[in-house]
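Please find the structures below.
One chain, subunit A, appears in both complexes that follow, with subunit B as partner in the first and subunit C in the second.
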Partner chain A sequence: MLALLFLAPSLIGFAVFYIIPFAMGVYESFTDRTLGGSFVGFDNYKELLASSSFRKAAANTLLFTGLSVPLLIAASLSLALLLNRPLFFRNGLRTAFILPLVVPVASIVMIWQIFADWNGTLNLWLHHWGKERVDWLQSDWSMGVLVIMYLWKNIGYNMILFLAGLQSIPQDYYETARIEGAGRLRQLVHITLVYLTPTMFFVILISIINSFKVFRETYLLAGDYPYDRIYMLQHYMNNMFFSLDIQKLTAAATLMVGCIVLFVTGLLRAERRFRDNME
Partner chain B sequence: MSKLVLTIWLGVMAAIMLVPIVLTFTNSLMMEREIGLNYDLIGQMTDAAAGGKFVNLKVLPDWLSLEQYLHILVLAPKFLRMFWNSAALVVPIIAGQTAVAALAAYAFAKLRFFGRDKLFLLYLMTMLMPFQVTLVPNYMVVDKLGLMNSGAAIILPGIFGAFGVFMLRQFMAHIPFAYTEAAKIDGAGSWTIFARIILPLAKPGLAALTVLLFVDYWNMIEQPIIFLQDASMQPLSLYLAYIDKEARGIGFAASALYMTPMVLLFLYAESYFIEGVQLSGIKG
Partner chain C sequence: MKKMMGILTSLILVFTLAACSGGNGSGNHTEGSSGNGNGNGNGNGNGNVSSGSGDPAGKPGKGDQEGETATTDIGKKTIVFSTFWQDDKFEEAKKKYEALHPNIEIKLQHIDTDNAHVEADLEKFATTTNTAMLAGKGPDLLEMDKLPIEDYVKRGLLADFNTMMEQDKSFNRADYFTNILDNAGVGGGLYGMPLSFFLMGFAGDVDAIAKAGVQIDDKSWSWDDFAQIAKKLVKDGDYPNVIASMPGSILTMMVTDNYASFIDVKKGKANFETAAFTDMMKQVKTMADDGVIGQERPYFFPTQINSPGDYLTTLKGYLAKNMSLYAKPHTKDTSPGGYFRSYRTIGLNANSKVKQEAWDFIKFMMSEEIASSPLSAGFPINKKAYANQLEELKKMGSVKGHEEGPLHGASVPVDDAKIQQLTGYVNGAIHQVAYQSSKVEEIIYNESLAFFSGQKTAEAVAKLIQNKVTTYINE
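Right after this comes the complex of A and B.
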């Protein structure tokens, strides 16, 4: 009862602005017209799945998340491992890696543009090396540019999470391993990575949330209709909104939520299993 | 690898990370004419066969000048107004979400009630969803409440965002029960425990949340392009998107001023921020 008093403000707003809208969205996705349409079953979904621009957007989103999240985790973990060794100026270096996180995308996008433009600096370098120029933002490379921007921004956040995880591993585990003659690699795999697993689950969640936020980078770099390769689900949903195709939009949203819920449930189950095994 | 070699190696990487930020500041000290001369080719389709015409990112200006700053701060008041628009959206969201989330997080972390873990999972799932997922129904709710084209359309959903609850509950879960138990024995009620014990101890978590919310909302694009069609109300993030194309000459100074509050806040609260983020990531 008491708990309810503390929860009430959050719960009311959360229901009004998130849960009820979402339930309305699910309902809309099964009707043929916004507000008071009749029930049409899975028709909107069929139409959605048949739409080539939806399929393109879904594939791009999946590709981006599938590519950038593992890359980010590998890069930030390596960085954390290096920063955890004896080092001069550790705090200064750490600050430098986190700083991109707090820099707003909109204020940095001009530099990226000048760098990756058809006439830009990257192509200038290619030219110097005697290579043909590449249209980085208007070709399949555009996804690569986005991945780099995502890594640049998010590496610091994951790095400090991993650093905390590393520092929570007792040093005597490594000592025992060394006495028993385990090499560096064995220690990394059997001690470091095992004890980092709980951190890893959290890092994966945060990285996925942040991977959905590259919409901002894409929007600022390329507007409502960017090159095909970086046309994401968020663009699709935004454009469906502006063209008032509400049924497709809500169906796409419901589908996306379904996938996220399935994935997170799987992740949490894996985490629980891992914790049970450790105990 | 010796300590020195590793330091140098990481130093080079750190320097590369900082390049875009440093370049924004150095370029903001160029004259508009110099920006024009340097970067005019950006966004234009030149014939590849015509050969070598490129734009090089310039590190140092030929002439140091505050012309860009003068332009946006004195001659064109639009910038300041949009800066104000951004602040007027972000400050209430941060204050509101921190307060609402601290209360809820306390209930999730320290009180016992039916369905607690399931409800928390619901918050967690919601936190993962991109804004567009609830776009339509949100639009309807905002419309019904008569908030369309007003800051409240962005502020209210912002205040009740799930991220703050999640982050602070993770943090508060680390506060040992011994503290709260001791207070309970001394006859303190839940409110006293929350206000006198939990809140002061959660300071790093609150600092980390403030920085992260500031970063997220100072940056917002998704919400204003839907809810604020009126250009005079839009925040700076959208104005910069426009400036990049139309008025590149003053873009760097605008960008530099735009990122400065964030960078200063972060440097000021850095140790709290790192502690807060780190504790939120460890299972409590």
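Right after this comes the complex of A and C.
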């Protein structure tokens, strides 16, 4: 009971700002007009799924997450492994990888814009080397630009999480393994990766959520109607908001949250099973 | 149990983070503009408008203006009228109307803004008004010039003035410029009442055109005719250019004139990756290369005529002695006639509790009671008010040009023949030009820049336009 009392303030805030509005949003997605509309069942969802732009947005978001998260995990894990051992200038390097986290997004986007624009730096270099220039932000390359930006921005954070995980693995395990003649690779696969799994689950979760946030950068980089390869779910929702189509907006949001919840539940269940196995 | 709790908390965590990211997205539009723009000192009037943005899905119930639209206890009815700019004309109408109708109070709301913040404030104004309207609240009357009227109509937020005009026996359509009323509609009804309008067209140098030996029938000329005539003008005439414009603008105009052949909204199909479009782009580029489109002295200037006084000074302002207004070229399918742009377009909230009263106030603003000077912006929708303006103009005898303008404050005499011509244009304007450029126009203009500067091929640009427009029309 007492615990509830202490939880109350944050619970109330959370309810007022997230749960209740979201529930209202879910309700809205089943009505035909904003406030006081009548119940229309799944009509809004049907209309939503019939919109080819929505399908495109969903596919792009999935593709981005599916592409960037594994890359990010691999890159940040290797960095963490590298920086976990004695290395020249280790602390400086660690700081350097964290820095992108504290730089404001707007200024980062500005640099990327100058870099990847049709008349930007990258194309100047290409021209210098006598190559055809590429419209990085207005072709299928745009997804690549986003992935690189996402990696650059999030690699430090994940690296910290992995470093913490690595340092909590007892050194005795490695010693024992070494005495019994296990090689580097064997140690990595059977000790490091195994004991890093709980951290791994957490990092995957955070990375996926951060991959949804890449909309902010995309929007600032390419505006509300970018090349269709980087047209994300949130672009769709944002544009729906501006064309006052709250029904489609809430339907899209409900679908998106539904998918995330499903996915996360699956992930957590997998983690629990893994833990049970470990015990 | 503990594990379940764990799962629950994680889910909540995910919720929060995901929601955060969503919030950030829409927040971008409103950030940085808060804290200014509203408190214009008339008590509770505007302060409310500043709330209620940044959370699209969340709470449409914000931006509350309850109590303002409701009737007060002494039976006095309040009409809330929201505009972006402060407008003396509305202030005057309010005072006069309140004096005539003591039981009505009109509350004018506007945004105080300055040059540095106009864009941010505009966006905020649109967002807050949108939210309030969607919540079924919002003001009773709105100036629609800066608002997405088509979206409002699609959501059924505005009342149709056609039905109000029909039901109102005291309203005589013939007192107004019916060519404007008939053609200012959006989405099958008249959802915005244009209190006034501008004329759009080309200011052309009559003498120079005649000297080059060219005949122009501007009532029905097409873009092809224009291209032909332009070729001849460049070859035989004295001036280096035919029209003072940018190739992108001309292309956009040509596309909007042929909208249906490029965009099929019902099927969600755009046809920009076609020879028809790339040929059109190449044609415009040729025009630019040949000097038809350019920034040196031309035969035509695209222009907007704001008032009878402006008509006289603007046409004189372009260096040549004998300038006249021409309609811009049409497509083959459009009926002959001039172009206009609605100004001070007023929308009536479909959820308003004082609809009849608000309509009565609109009628009052449309009537000739609100005298306007022949120099103030916008031709009045009321024929008598227009006639009064002309009378006053004739009495004035001459119109002084802007001090900073090309006339440097020189006076232009009022010429009966010119005025007669103007009345012809005013009565003949039947094609509406939207107040704001549409998303499609923006896309075409921006993407075509790279083609006209020779950086990309027509095909590459067409592909990009196709790509973006398809996304837009299929949302």
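The criterion applied here is as follows: the second predicted complex is superposed on the first by the 279 of 279 C-alpha atoms of A that agree within 3 Å, B and C clash if a C-alpha of one lies under 4 Å from a C-alpha of the other, contacts with A are read in each partner's own complex, and residues count from 1 in each chain.
The rule we apply is simple: contacts are C-beta pairs under 8 Å (C-beta built on N, C-alpha and C of every residue); 3 or more make two chains touch, one makes a residue touch a chain.
None of these values were measured; they are calculated from a predicted model.
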| item | value |
| --- | --- |
| Subunit B versus subunit C as contact partner of A:Tyr18, first or second or both or neither | both |
| Which superposed partner A:Trp118 touches (first subunit B, second subunit C, both, neither) | both |
| Which superposed partner A:Phe42 touches (first subunit B, second subunit C, both, neither) | neither |
| Partner chain(s) touched by A:Ser53 [first = subunit B, second = subunit C, both, neither] | second |
| Contacts of A:Ile246 with subunit B and subunit C, given as first, second, both or neither | both |
| Which of subunit B and subunit C A:Val264 touches, first, second, both or neither | both |
| First, second, both or neither for A:Asn238, with subunit B first and subunit C second | both |
| Which of subunit B and subunit C A:Leu205 touches, first, second, both or neither | both |
| Contacts of A:Leu220 with subunit B and subunit C, given as first, second, both or neither | both |
| Interface residues of subunit A shared between complexes with subunit B and subunit C | 14, 17-19, 21-22, 24-25, 28, 34-35, 118-119, 205-206, 209, 212-213, 215-216, 219-220, 234, 237-238, 241, 246, 249-250, 253, 256-257, 260-261, 264, 268 |
| List of subunit A residues in touch with subunit C within their complex | 14, 17-19, 21-22, 24-25, 28, 33-36, 51-54, 56, 118-119, 135, 138, 205-206, 209, 212-213, 215-216, 219-220, 225-228, 231, 234, 236-246, 249-250, 253, 256-257, 260-261, 264-265, 268, 272 |
| Subunit A residues touching subunit B - in the complex, by the definition given at the top | 2-4, 6-7, 9-11, 13-14, 16-25, 28, 34-35, 79, 82-83, 85-89, 92-115, 117-121, 123-124, 127, 132-133, 152, 155, 157, 160-161, 163-165, 168, 198-199, 202-203, 205-206, 208-209, 212-213, 215-216, 219-220, 233-234, 237-238, 241, 246, 249-250, 253, 256-257, 260-261, 264, 268 |
| Subunit A partner contacts - residues on subunit B that touch it in the complex | 1, 3-4, 6-7, 9-11, 13-15, 17-18, 20-21, 23-24, 27, 39, 41-46, 48, 52-57, 100-101, 103-104, 106-108, 111-113, 116, 121-141, 156-157, 159-160, 162, 165, 190, 194, 211, 215, 218-219, 221-222, 225-226, 236-238, 240-241, 244, 248, 251-252, 254-256, 258-259, 262-263, 265-267, 270, 274, 277-279, 281-283 |
| In the complex, subunit C residues that touch subunit A | 3, 6-7, 10-12, 14-22, 24-26, 28, 55-61, 130, 133-136, 148, 151-152, 154-157, 268, 439, 443, 450, 455-456, 464, 467-468, 470-472, 474-475 |
